[in-house]
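Order of writing sets the chain letters: A, B and C. Residues in each chain are counted from 1.
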Amino acid sequence: MALDLIIGGIFALFTGALVAIPACRHSLGRPVVYGLTAAACGVILTAAVLGPGAGLGPGAAMERTLPLGIPWVGAHLRLDALAAFFLVVINLCGAAASLYAIGYGRHETLPGRVLPFFPVFLAAMNLVVLADDAFVFLFAWELMSLSSWALVMVHHREEETGQAGYVYLVMAGFGTLCLLLAFGLLAGSDGGYVFDAIRAETLAGWERSLVLVLVLLGAGSKAGIVPLHVWLPLAHPAAPSHVSALMSGVMTKVAVYGLIRIVFDLAGPPASWWSVVILVIGGVTAVLGVLYALMQHDLKRLLAYHTVENIGIIYIGLGLALAFQANDMPAGAALALTAALFHVLNHSLFKSLLFFGTGAVLTATGERDMEHLGGLIHRMPVTASTFLVGCAAISALPPLNGFASEWLTFQAILISPNLPHWGLKFLVPAVGAALALAAALAAACFVKAFGITFLGRPRSPAAAMADEVDGFSLGTMIALALLCVLAGVLPGLVVDGLSGVAVELTGSRLPAQASLPWLSLIPISPARSSYNGLILLVFITFTSTIIATVVKRFASSALRRSAAWDCGFPDQSPATQYTAQSFAQPIRRVFGRAVFGAAETVEMPEPGSLAPARLHMRLRDRIWEYLFLPVAAAVEAAAGRANAIQFLTVRSYLTLVFAVVVLLLSGLALWR
Amino acid sequence: MHGLAFDVSHLLAGGLVLISLMLLYQDRMYSLLNVFALHAVVLALAVAWQAHIQTAPHLYLTAAIALLFKGAAIPIALRRMVQRLGIDRTVETVVGVGPTMLVGIGLVALAIMVMLPITGQADVLTQEDLAFALSVVLLGLLMMVTRRNAVSQVVGFMSLENGLILAAAGAKGMPLVVEISVAFSVLIAFIVIGIFLFRIRERFDTVDVQVLDGYRGEQP
Amino acid sequence: MIGDVLVQGVEMLLVLLVAPLMTGLVRSVKARLLRRQGPSPLQPYRDLWRLLRKEVVLAESASWLFRVAPYVVFTAIWVGASLIPTFATGLLFNWSADMIAIVALLGTARFFLALAGLDVGTSFGGIGSSREMMIASVAEPAMLMAVFTLSLLAGSTALSSVAHFMLTAHVGLRISLGLVAVALLIVSIAENARIPVDNPATHLELTMVHEAMVLEYSGRHLAMIEAAAFLKLVLYASLLACIFLPWGLAAAGDGPFAYLIGIGTYLLKLVLAAILLAVFETSIAKMRVFRVPQFLGAALMLGLLGTLLLFVSRSL
């Protein structure tokens, strides 16, 4: 029943895409299409939450075979706890993005380029999660890539967008190729591409290791792990904001799903060194992602880089889970996996919220460069408040949800000394340090993002004249902000909801949390660690009420508005405020030289000269320089060589074809 | 077992590793020498403690040698040398402090990781002693690699040698002859290096060993 | 239950009441060490009262966040302080947040204070906020690494359990604990804006951090900020005392006499911390802002090293 509803929802989404083609010329087309996608997402969401395969109980998985796709094989779909959880993530944000877009999409100059692709994008992501054979998986994966590429290329005449689209297409193609090869290996020599057959297949150790590498390249490049992240901060900001939210908040999670499905479910028992690779990638990704984010002054690009950081945190959780699983510690694996999945949910919530807020700012001012913003808290109070909640949540401040999942990850790190493997024993605390560093830098990053954009004085006339956005956008943002608070205050319920996934993948689960007194979160045992967001919130509310009452009762309530004091030298020009660049300067100075090769040169004219003084700042992206440019150069050189093939005689072409056929045949003969 | 015996030797050996790390980030000549002297004193204490708990009186002699030569004589001699060479300002390092420290901590982790599993059957005291000793040796090597100044390279070499003595003291049954010969060889090395330093200085007006690279081969 | 609530309430009131006194004590000891007369240790109370009675002068560009931030900062720190077992372990709310949560609560306070620094849109506020976040970006991981080491050692992240563990005999002399103690001390000095990281007495100086952030505050808002700073000092002193000097702590079910002993020893520990801090501050000079990351980096390294060396001593 639940699965049928979900399949129906996906078909509704595809229908929505068909409807959108004629509808986009009509003024009512936008609300109709987005309303339809919101409804379809709502249906899928409900089915996924209430269905028997959902996390609320370890019910049996549901399967369907549709007579579509490859003849005599069909399309296999399956709904289990893992799929159900990711369906929740996708459709929660999908519904939110649709509702938001009803208002936000009004400003789209080219609705015909957005409306048809948006439902396809949503449907493709749902389909990836439901897929139960490699064909459906890869088809949906590619559909997801292409539809999102089309959405990135909406404003294709802008030079930046064109470049972003090109890089994205290359990386997406590369990723799918890697996944294709991975499935080829997984299917073994019999070519059983249904997931059940893959599970039954036993592969040699090196084959499984190769699968891991390919999946990390394929799914990892989609998720944005360092060093494969380069396309992400280009492509995500180029799309319209509600699509950026989906790409950053949800599509990267679908990529995480791909990794989990293949590594935890399909590839068989993990080797111990897999976790080392994933942990190192996670730690490096988390720290570098947030450092890159700190250096940005384009709000959307900052958020996109920050997605890279959060993917790093999720990978740390997954790496820990693998480490525990490889060493026969199912309870630890369940804890780490739960933490990672909790963070998946949280990140999709607050990253969507933040992108929506950025979209609102973009609508109101036409600017996404923070250096031209400022003071928006006065003109856009609701957007500012919800954005603040998002910033606090993503900076892992209690009692919000980001803290709850990072706390769980830390708890998983703290049981790592029980691992028998010496390398892991030392690696995990180092990764913990990286996680702590990333969390602290994230707070700095979002003080900057919120402080420069919404606080201070307006830095441009557009910011000074901004107006609050429409009701749909505000309503969506308020709802997401509330969800962030709710997930932070009641983490036990989310953890219980994830128990089905934990049982399915690790064979163990965290103790039931919902029955604990005061709804506190106790992952292992009460003597070891406990956290209670609810009590903390109640405590904070209670204490602040007391303080407010006392201050009201005893303190003077006189208040006078006056010019800013600023040590006696107030300058009226908003240009004297701190900017995004100057805010990040101390951190750039501490970390920049090692990470970005940051170099500053000051050009100071002679006294009496009228020339302006200049400060030149140069950041180098070493990954781009040392990894991608050489590869690009090599590809170009190879293409130059291969170009000669275009100018051969007919006889030479025939010789080539003949040689290839003979080569393949002899290969086949030798292999069999 | 004997909790206090273990605790104290653990504390002293760990302290030695910590001081080795401190040596890495000293950027003044005099403070470098002071920290080095401290290194030697802690080594002497560690060896003396080993002598006490192993009831091996010859180790007291090793401790005394360490205290006298490395804790006092060599730092004082080096200080004089620095004074006469006129390089009592800063030490140039090849890489920055932050990365050096990170590498240093990585080396400590590596040493522990290598030593603890392979010395599994030895008793705990020897085990951790060897792990710390290897860390000290590796850190000394790191210091010699990262420094360009010849004097600080000498300090790095000496701290490396301290690590060897720590290992020798921890491994029971090392004959006294070996230790004395090690101590003497170090002394000779020190004298040779000292003379060498002045020769370099006379020739090139600097003790920055990187300058020497330009004069390799047949050039005068 | 009623008793638990009562003890927790007493604890919250105690830290609140003691906080200004501790800062006053540090100031007066420092004055004595410099052979000045100095104000009485009770002066901070008078300052707070004076500030509360004064009118608030608010910059024209200040938003609601600027007015709310002092209360948020104060609440977060007060809640953080009341989660620490100061004179008794196993208080009512001790279990609702562990050491990691306390670190994060302090992070919340810092987050809002830094935002408030940016709110008016002056250059001084910006300089303070950006430097505060730079310092925090190294100090917070350093503190978390220290917390890691402690909780790996004690097998728990709950402060009460750590305190109990430290009282047991099989702690022994561990190099890791020494490293953690130094790391936590460095972090406490940085987080409380004390010399050599920041100078709490300075004004109109480009090197200041904390004072630059709160420059625009006045009246009751400034009173809340000041009180929060006093509380933060007590919080860190209590944290260090609870971990490294856990003697005298009353346990959950003990009678009122044990609680009295607990309060007495707690106050003694605070006095000791105040005197030590004053002596330390007098004997050292403020360092350049860009030396601070190195100073704190040392704490981070010590924390990490402490975790690593733990494995050596663990094989006991």
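Note that in this section a residue touches a chain if its C-beta (ideal position, glycine included) is under 8 Å from a C-beta of that chain, and two chains touch if they have at least 3 such contacts.
Everything quoted here is computed from the prediction, not taken from an experiment.
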Exercise. Which one of the chains is closest to the middle, using the mean of its C-alpha atoms?
Worked result: A
Exercise. By number of C-beta pairs in contact, which chain pair leads?
Worked result: A-C
For this session: Express in whole angstrom the distance between the two chain centres, defined as the mean CA positions of chain B and chain C.
Result: 38
Exercise. How many angstrom between the C-alpha centroids of chain C and chain A?
Worked result: 35
Exercise. How many Å are there between the centre of chain A and the centre of chain B, using C-alpha atoms for each centre?
Worked result: 48
Problem set entry | Overlap residues in chain B, where contacts from two or more other chains coincide | 98, 109, 112, 116
Seminar exercise, completed: Multi-chain contacts in chain C, i.e. residues touching at least two other chains, fall at 304, 308, 311
For this session: Return the residues of chain A touching two or more other chains; collapse runs of consecutive numbers into ranges.
Result: 426, 430
Exercise. Across the complex, what residues on chain B touch chain A?
Worked result: 96, 98-99, 109, 112-113, 116-117
Exercise. Once bound in the complex, which stretches of chain C touch chain A?
Worked result: 12, 52-61, 63-65, 71-72, 74-76, 78-79, 93, 95-98, 100-101, 104-105, 107-108, 110-111, 114-115, 117-127, 129-131, 133-134, 136-141, 144-145, 148, 151-152, 155-158, 161, 203-204, 215-216, 219-220, 223-224, 289-290, 293, 300, 303-304, 307-308, 310-311, 314
Exercise. Considering the complex alone, what residue numbers of chain C touch chain B?
Worked result: 170, 172-176, 178-179, 294, 297-298, 301, 304-305, 308-309, 311-313, 315-316
Exercise. Which of the residues in chain A come into contact with chain C in the complex?
Worked result: 374-375, 377-378, 381, 388, 392, 395-398, 403, 407, 410-411, 413-414, 417, 425-426, 429-430, 432-433, 436-437, 439-441, 443-444, 446-448, 450-452, 455-457, 518, 520, 526-532, 535-536, 539-540, 543-544, 547-548, 551, 554-556, 558-567, 570-571, 574, 576-578, 582-587, 589-590
Seminar exercise, completed: Listed in rising order, the residues of chain A that touch chain B in the complex are 422-423, 426, 430, 593-594
